[in-house]
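The data blocks that follow each hold one structure.
Across the two complexes that follow, chain A remains constant while its partner is chain B and subsequently chain C.
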Partner chain A sequence: MILGRVVGQVWATRKCRRLEGQKLLLVQPLCWHLPDHETDHVVAVDPVGAEVGQDVVICMGTPARLALGDTRFPVEASVAAIVDDVEMWEGRLQRPVNGSGQSGGAR
Partner chain B sequence: MVLGKVIGTVWGSKQSEGLVSFRVVEIRRVSLEGVKPGTSLGADIEGPMLTESTLLAVDSLGADAGQLVVVSIGSRPRDIVVGPGVTTKNTVIAIVDQASVDC
Partner chain C sequence: MIRGVVIGEVWATRKNPALQGRKLLLVSQLSVHMDGTRHFTGRVIVAMDNLDADVGQEVVVAFGSGARNAIEPGSRSVLVDAAVVQVIDGSST
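Our next item is the complex of A and B:
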């Protein structure tokens, strides 16, 4: 699982049938993230109703499909939780994108 | 999954049996570095908003060069979309109309 911030949304008309009706979010990992491909974002399916600006916990792999209630979804990232607050040592939570080193706080 | 832009199709006269009859596309991933809030990402994104390096993915939706797509990475999504015999881990699962960066 990774911690990330919802920065946007993705709309697609033409998609795999199983993705119909699923909301796709654009998420930027907030700290440690080891992606399969060099990338600064994750597109995740959102079954919980997260909004832009919120911090979320993203499930990767099979658990991501389980979170959607069916393992036959062709996805490998989904929102598992919306974060209320994060308590962490000062400076540990660094945004990889702007490197401003924001700490704590989900809002 | 990652967001990327299709930059072309790859053809092979000799290919693994698992790739016969499948279309392989070359994709540059979207990079959000320096993207300002309020930006709308569409087929017109260029240059620094895309990574230099590319990835190849099997496409069963018919994505054209220039289109923005969502690529799912892994063998399980591959099994579901194109079948277990296809020799790839990257699969195009959606053709993006628009993506927004709002914060």
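Our next item is the complex of A and C:
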């Protein structure tokens, strides 16, 4: 799974029949170490009901299809949860360390 | 599988019922070099955890059906594509 922010919605008239009635969201993966423009957006089906601006957990592959109730959906990413809160380890993401040998943290 | 550090925990109220009661951790992938230096690769993933890993601990995360097997062996109904499979006590690098 990945954490992402819903940045838009995708509308389509002509689509695979199994996608009819499904809401498609444009999700930007949240990656603290990279500038925004360096992360690829993901189009995810949304059975949960997320809105633009919310943070979501996206699952990929087979679980994404399971989330829709059937493994035969032509889908590879879907919203599994809408994030209320992320409890962070203090300072860990504010100060990413690159190759200095200090970023182990656990010990 | 990848090696990473648990950097946070994700809380969600509105979610797929299959995720009910499951703990979701935010794991930052760690790259460890031969000389012992380590750095975050920048890849941050959400992994399901039933080993009770704590924030700050180093873990091994498995993906795909391996992750599903770690949570519920043989199951195809658990909504998981990444799971904590080991909490690292120590390693040679």
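By our rule, the second predicted complex is superposed on the first by the 80 of 107 C-alpha atoms of A that agree within 3 Å, B and C clash if a C-alpha of one lies under 4 Å from a C-alpha of the other, contacts with A are read in each partner's own complex, and residues count from 1 in each chain.
Everything below uses one rule, namely that a residue touches a chain if its C-beta (ideal position, glycine included) is under 8 Å from a C-beta of that chain, and two chains touch if they have at least 3 such contacts.
On a predicted model such as this, the values are computed, not experimentally measured, just so you know.
Legend: residue contacts after superposition of the two complexes on their common chain; A:Val43 is shown touching chain B, with no touch to chain C. Contacts of A:Thr62 after superposition: both chain B and chain C are touched.
In the superposition on chain A, A:Trp11 contacts chain B only, with no contact to chain C.
Residue overlap on chain A between its contacts with chain B in one complex and with chain C in the other: 61-62, 71, 97. Taken in their complex, chain C has these residues touching chain A: 5-16, 18-19, 24, 26, 28, 30, 33, 36-48, 55-58, 64-65, 68, 76-82, 88. Within the complex, the chain B residues that touch chain A are 1-3, 29-33, 41, 51, 53, 55, 61-62, 70, 72-74, 76-78, 80-81, 89, 91, 93-103. By the touch criterion given at the top, residues 1-3, 30-34, 47-49, 57, 59-64, 66-67, 71, 80-89, 92-93, 96-101, 103-107 of chain A touch chain C in their complex.
Per the touch definition, chain A reaches chain B in the complex via residues 5-16, 18-19, 24, 26, 28, 35-44, 52-53, 61-62, 65, 71-77, 97.
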